[in-house]
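Both of the next two complexes hold chain A, though its partner changes from chain B to chain C.
Moving on to the complex of A and B:
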């Protein structure tokens, strides 16, 4: 079965890093053969909002955020990997591998 | 054991950084709104040869436009007055969620009234947030009385403790730090002033929207309210130099950049013009040891030049739409141009030409839908 992750990206200004991290995660996930849905919490609001169904399906959640995650109660009880928003921009594949490892440990 | 302590310290530091960044991200729009309203009024007033448009005497001017400019300056000031309450409220919110907002915003007001400055506002947000967290984590009430906690205890006790600590513990020392710092910065002249601009510029160019950059930019913004403009001028010049310089470099010599970076170069130029330094990030990620020194040197020299020549940017805007509102904007643009050219020249010097790549780079779309909803559900 293909592995599945979800992620949230957010940065302080909410115009650049947020979306670069989103792109990087998607690109990295493709290379790793993982399915990923990324929600962006930027200055203009929330993009690609994750549903409760998405949260159920995903094995783990990546928070690539420099600021507080909005509506974080959606992810209560889920496995969460917290990294800086710059982490996936630098090496998205590593972030994704770490999230998968987190899921394996359980 | 030691390692564990280092780990927790690091974790606490990261947590604090996240709370403060959250506060800053909610404060930035307020500062931009206020400072731009104010800049419009001051630049407008300068056409009438007025340099104290905020004085109440202009409110009775016979000239309708002057009267409006006076009002507009008041609007700007009003917006800027919200800066400390808002950053304090949202730092607190980041720590303790909704319950943190009331104590945080009220604490921020007290900080503003006591003139305890940006540091005071950070402290107020942290105090309010952790006080509320302490209350909600530790007070256990019987089910029937549960709602007393969020509707009464948290707002009242949380606010009381926050205000008490600000008024009697941190307020006065922070206020003297604040006035001391502002007075010292205002008093800087000649070499020191240029040196300060160079340091601010270097910090801004260092990590392109990262913590060092944000520390410099927000401190500069906060100082605007104390009437200290040089750090802001330096910061705004420095913000756009890296993306412009790197973008220009990709245009001048394409062969030194791979396909991805050539694309990034165009985006970087546009982002530079609208005042977003993050456009330079792809370059800094690809070869940090070459790009970061070039950015720091270019930004530092550009900022030092603009401030040294006497340009003053009253608003926290770095994009081209703010340039004409800058006092002595021609010197400002010289600073930007020289800094940009330095970044371009250093980058081209440091980089080697790329080996001819395989032209078979697969053009893949970056969009999210590389799988269907069915695959996701299966």
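Moving on to the complex of A and C:
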């Protein structure tokens, strides 16, 4: 079965890194054959907001964030991998693999 | 309708510079000339502040420094390529040749900020990175970052 992850990206200015990390995670997930939905929390607001259903079906949550995650109570009880926003920009596949490993450990 | 994110008046190709500071200075001067930044030193300080929080060298010879400040009158991107690669302490430890300096106002309408975010996202695209390496003039550059809107 296809593996499923969700992620939040956010950076201090909320204009550049948030969206580069988003694109990097989507690209990395594609290469790994993983389904991912990425919510961006930027200066222009929240993009692709994760729903309760998204949170339910995801095996783990990636926080690629340099700032406080908005509405983080949505992820209470979920497995969370916290990395810097630059981590997926540097190597998204590694971040995806780490999130899957976290899910495997459970 | 086609929206051009990159303004040809805010592009400097083949800059003869040897440091990050020099590139930022050159592009900030361009912003000041065009009235996009009303105080060059304050803007540069904001860019340096952001840089000290973590490198904006995103790999593959590309850097996307940015400064958010009240001295920025409107959201913009200025682009430079350098004649020789310069050190940027980038994520992949490689030197940088392409610089996208963003000017971010304290208050802005979302449309302009979204264009900058779209440009940033585009830079993660392998095709775009390949095209960037082949840029020889401003027109090539403009074309890469054209955005189709309905």
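Quick notes on this one:
Everything that follows uses one rule, which is that the second predicted complex is superposed on the first by the 106 of 106 C-alpha atoms of A that agree within 3 Å, B and C clash if a C-alpha of one lies under 4 Å from a C-alpha of the other, contacts with A are read in each partner's own complex, and residues count from 1 in each chain.
To be clear about the criterion, a contact is a pair of C-beta atoms (placed from the backbone, for glycine too) under 8 Å apart; a residue touches a chain by one contact, two chains touch by 3 or more.
This is a predicted model, so every value here is computed, not measured.
Three-chain overlay on chain A, with chain B and chain C in a clash. Once the two complexes are laid over each other on the shared chain, residue contacts for A:42 go to chain C alone; chain B is not touched.
In the superposition on chain A, A:27 makes contact with both chain B and chain C.
In the superposed model, A:105 lies in contact with neither chain B nor chain C. In the superposition on chain A, A:76 makes contact with neither chain B nor chain C.
When the shared chain is aligned, chain B and chain C each come close enough to touch A:89. Residue contacts after overlaying the shared chain place A:2 against chain B, while chain C stays out of touching range.
Between chain B and chain C, it is B that contacts the larger number of residues in chain A.
Contacts of A:66 after superposition on the shared chain: both chain B and chain C are touched.
In the superposed model, A:15 makes contact with both chain B and chain C.
Within chain A, the residues touching chain B in one complex and chain C in the other are 12-13, 15-17, 20, 22-23, 27, 43, 66, 86, 89-90. Looking at the complex, you find that chain A touches chain B at residues 1-2, 4, 11-17, 20, 22-23, 26-27, 30, 35, 37-38, 43, 48, 54, 57, 65-68, 86, 89-90. On chain C, the positions that touch chain A within their shared complex are 50, 53-56, 58-59, 64, 66, 68, 91-92, 102, 104, 110, 113-114, 116-118, 120-125. Those residues of chain B lying in contact with chain A across their complex are 17-19, 21-22, 24-25, 28-29, 93-94, 209-210, 214, 271, 276, 278-279, 281-282, 285, 364, 366-368, 370-371, 375-378. Note for the complex: chain A touches chain C at residues 12-13, 15-20, 22-24, 27, 42-45, 66, 84, 86, 89-90.
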